[in-house]
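First subunit A sits with subunit B, and in the next complex the same chain sits with subunit C.
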Partner chain A sequence: MSVTRNLVTFVRRWLGERLPMDDIEHFVAKQAGKPLPPHVSWFHTFGSLSLFLLGNQIVTGILLMVYYRPTPERAYESVHFISTKAAFGWFIRGLHAWGSTLMIIMLLLHVARTFLMAAYKKPRELTWVIGVLLFGAVVTFGFTGYLLPWTQVSYWGTTIGTEVAGSVPLVGPFAKRLLLGGDAVSGETLSRFYVVHVIVLPWVVVFLTAVHIVLMRTQGLATMDPVGKEVIPEGKSVIPFWPHHVLKEMVVFSVFLAIMATMVILLPQELGAKADPLVTPAAIKPEWYILPGYQFLKYFPKMLGLAVSTIPPLLVLLLPFLDRNPERRARKRPVCITVGVMAMAATVLLGIAGHFSERSVRIFGRAYQFDHFGIPHRSPEAAR
Partner chain B sequence: MSDDPVKTDRRTFLDMVIFGGLAAWGTAMAVPTVAYLWPARSGSGKAASVSAGPAKDFAVGTAKMLQAEGKPVIVIRVSEELFRAFSPICSHLGCLVKWEAETRTIVCPCHAGIFDLEGKNVSGPPPRPLPPYSVAVVEGEVVVKL
Partner chain C sequence: MTLRVSWVVTSIVLSVCAAVAETPPDACVKCHEKEAAPEHVSVHFREQVTCVSCHGGDSAATEKEKSHAGQVRKIARAEVPALCAKCHSDVRLMNPYGIATDQFAQYQTSRHGLKLAEGDQDVATCADCHGAHGIRKVKDPESPVFPKNVPATCARCHADADLMKRHGLKSNAPKDYGESVHAKLLEKGDLSAPTCITCHGNHGATPPGVRDIIHVCGKCHVKEQELFSQTKHFALTEKGEFQSCVTCHRNHLIRTKQEDIRKSCKLCHGDETDPARIRFTSIFATIRGAEALFQGAKDRVQRLGHAGIPVDEEEALLEEAKTGVLRLAPMQHTLDESKVLATAQEAEATISEINRRLDGKERAESWKKKSILPIWGFLLGMAGLFWLKLGRIKKEAA
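== the complex of A and B ==
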């Protein structure tokens, strides 16, 4: 013990001769002891769970890069090798694949919690804006990573996704060609998506996350008091960040990792068939988090649809500047909460319509054909 | 409002020159970066042709999918004398269409878009016809000009 104590004392003295250790220790102690408002609950762990999942994506992503080969000839085979030959490769890949889906779910829950508790209001507008940009970056992460296994579903899902991007007036064709590296999804596209996925986006996401966390730590967590009347939490009812809240997050991380591992084992991510640029599979759909936007575009002519589809993300981005009501409690913000909940319900419904569109489904013994717009029609042929 | 001219000292002037120079450098370096990322043109650039095989092996009412110069091509034998060739890239969202012999239509499997034998969009979401290619039988060989 005394050896350890002597070593710590030596290291501390050595660092103290070179760095302002007193200032650093004071800063760390202040951050660790920062009191949290009494309403902070398990719902406040969605943000840190997203951070935990970002860590999971970085670690498992680095491990996958060891065996992955980003060429059309070898991409599928290398993922197949990871899944079947590399020791625990199936587990690492499963954690990465499920991690991406769960990260988007956690971010959505985090956004919903922030919206319902009005934590985006003054002085935290910038934290919200950075958070929305972060969400966009994470969705782009998912989109670029989707192509990398070079399967039929990923190839044609990417084709549809880039076609949607290409139909944006004026800049669309330019952006599409730049994204694809040519006229269609090819080896050039795979290289570009790989570089964006493993180099560009990690830096962007880490930078935005750092700014988001610094802002959150600087301003502290929002209380439920109205804007301008926030009372700094103090007294016996507050929760200290360390150790109480941090340990609560550790409990959540442990349970979450156990759930993730169970999902990887019981619901493995199947690889599917290798990409064939000459055969499009039937009823190909983009990933679930793109489905609502994709379905939304079907109800409008192309140009109008793209103009209209930019409005919802813009409204979300500018929410803190549009909602001028100083109240934070949900029952005192009936208009904002009603509009927000309706928008969330509409997004879910669009996703469901997108999932079932152009499919035959049997409901209570009757066959229905869902058309392009997601509207069901009785299907006598399919019923037979 | 004062009419006195704003005085700029030597140091401020030099700062402005240096900032301007840095901005110019940044802009100048953006040009080769974007040009580098812009995809190089694929193919030879000349009009190319591709063979769909001997006409005698191509049954009436069937289709073949080919790839030439990195582009897919669908060739359909409509009748004993008539062949048609199109770019099979659906004008809706880029999926590849396929030939349905039963209905004698060209169908997009993604969103059930339907094209007729002339490549014209007749049903579903595709907004434009399929771009046609000229096709001819040369010395018993079905040749598509791209």
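== the complex of A and C ==
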């Protein structure tokens, strides 16, 4: 024990002779002891869980890069090698693949919590805007990473995604060529997506996350007081960040990690068949988080759909500037909460419609055929 | 200025060259535009075989009387083969192009040629299949005799019910062929798939006789022919009492499905106590069983491979098993139950080995599922400790 203490003393003295250790210790102590408002609950761990998942994606992504080869000839084979032969490759890949899905879920929950508790209001508008941009970057992460295994599903899913981008008026054809590096998904596309996925987006996300956290720590967590009447938490009702909230997060992390490991083991991410540009699979669909937007576009004529589909993300981005109600408690902002909850429900319904569209499903023993718009019809087979 | 003049002159020269290159270089074009139009794609035109080469006359003359002087004529159907043969039977002329010179000789022995010699004007001559003007190379995908176009070319006459009736022939052959396995292969783009001319010949087109059918089919189905030659059916074929391959597979509408073949077998072996019937039932069951086992193993290898289990060795074994299963199809032509069974057992042994290995790999993978327990134990233990610590701190603070 004394050896450890002596080592710590030595390191402190050594660093103290070179760095302003007192200032650093003061800064760390101030951050650790920062009081949190009394309403801070388990729901406030979604943000730190997202940060944890970002770390997971970076670490597992680096490990996957050791064996991954971003060429059409080798991509599928290298992922197959990772999944079948590399030591614990299946686990690392599972953590990365499930991590991306769970990260989007966590971010959505974090956004929903921030919306319901109105934590986006003045003076935290910038924190919200950066958070929304972060969400966009993470979805782009998912979209670019989806192609990398070079499977049938990823190849044709990317084809659909880039077709949507290509249908934007004026800039669409240019944007599509820029994304694809040609007229169709090819080795050029794979190279581009790989570079964006492993170099461009990580820096963007790390930078935005850093700014998001600095803003959050500087302004502190929002209380439930109306805008302009916020009371700085003090006294016995406040919750210290350290150790109270950190311990709470550790409990959540432990349970979350156990659930994640279980998903990786029991629900392995199957690789599927290798991409074949000459064989189009039936009813190919994009990833679940793009599905609501993809389904939404089906209900409008092409140009109008693209114009209309830009409105919801813009509304979300500009929410702090549109919602001028100073109140934060949900019951005192009924209009905003009602619209928000309806939008969330509509997104879920669009996702469900997108999932079932163009599929035959048996419900309570009856066969239904879901059409292009996700509307169920009694299957002719069942009618016979 | 000089530059501009040279540009104009160059343009004019190039335009003239292009015009000259795309139209027959004689005066016939002035009046015979319709015939001349397709000539720019003709292999003859490119080799300086022009209108006068076949029709006679003087292509240099610009007036009708002078250009038609001599022996200008519309070529009669009966004259076409001999006219074409003037060049196509000439070894010196054809040798540089690597074209056979026995086509006319073959044609004369063909049913078409024989009928033409008898004065039948309905039969096909060279121009009916290759075209008269605008003749393309056989390798040209737009040529009527390009492999993929051959069935449609033959069908122009052989699907004509009236024409066929006049000659006492059936007109359903093209339709039947269209539904055969051969046509399906051709549709997929396999240019080596048999078309009409593969069995009937092209220039020497004639239906093969009963005894020849096995040799015609055997050109591609070598193993089947070899094994069939050892059977009782072959002996009957030699006597002219059995139509070899076409008895079971039919001629144009080639069938390979087991249920279709079984129907053919029953035509002769209808009695359930017939030993032959018992034998072919057993052979079919053996083949079906082996194919089902193979398909099951194939699906399993694919499923486990996609699930992240290394199956490279099993995939190699699967190829071996596939070879064994593929050998069963020719083997059934022996009509020997024991030989088919032995071949099936070889394939089944490989399939069993695949399944045994996969069982082992699936068992080995079960440790992953078992590892969930210690993971949960550790992480939930940690969560519990953090929870207890949090509770104690709250208690102390209170």
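The rule is short, and it goes like this: the second predicted complex is superposed on the first by the 375 of 384 C-alpha atoms of A that agree within 3 Å, B and C clash if a C-alpha of one lies under 4 Å from a C-alpha of the other, contacts with A are read in each partner's own complex, and residues count from 1 in each chain.
Basically, a contact is a pair of C-beta atoms (placed from the backbone, for glycine too) under 8 Å apart; a residue touches a chain by one contact, two chains touch by 3 or more.
Because the structure is predicted, anything quoted here is derived from the model rather than measured.
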**Study point:** When subunit B and subunit C are modelled together on subunit A, clash or fit
**Key:** clash
Check your understanding: Does subunit B (first) or subunit C (second) touch A:Gly272, or do both, or does neither?
Key -> second
Practice item. Once the structures are superposed on A, label A:Thr84 by its partner contacts, choosing first (subunit B), second (subunit C), both or neither. Key: second
Practice item. Look at A:Val164 in the shared chain and tell me whether it touches subunit B only, subunit C only, both, or neither; answer first, second, both or neither. Key: first
Check your understanding: First (subunit B), second (subunit C), both or neither: which does A:Val59 touch?
Key -> neither
Check your understanding: Is A:His372 contacted by the first partner subunit B, the second partner subunit C, both or neither?
Key -> first
Point to revise | First, second, both or neither for A:Thr262, with subunit B first and subunit C second | key: second
**Study point:** Shared subunit A surface residues [contacts with subunit B and with subunit C]
**Key:** none
Study note, to complete from the structure: In their shared complex, subunit A is touched by residues of subunit C numbered 305-311, 368-369, 371-372, 375-376, 379-380, 382-383, 386-387, 389-390, 393-394, 397
Review point. Residues of subunit B touching subunit A in their complex?
Key: 37-39, 42, 65, 67, 70-72, 89, 92-98, 108-112, 124-125, 127
Study note, to complete from the structure: Note: in the complex, subunit A contacts subunit C through residues 80, 83-85, 90, 236, 243-244, 247-248, 250-251, 254-255, 257-258, 261-262, 265-266, 268, 270-273
Exercise for review: Name, in rising order, each residue of subunit A that touches subunit B in their complex.
Suggested key: 156, 159-160, 162-164, 177-178, 180-184, 186, 188, 277-284, 298, 302, 358, 372
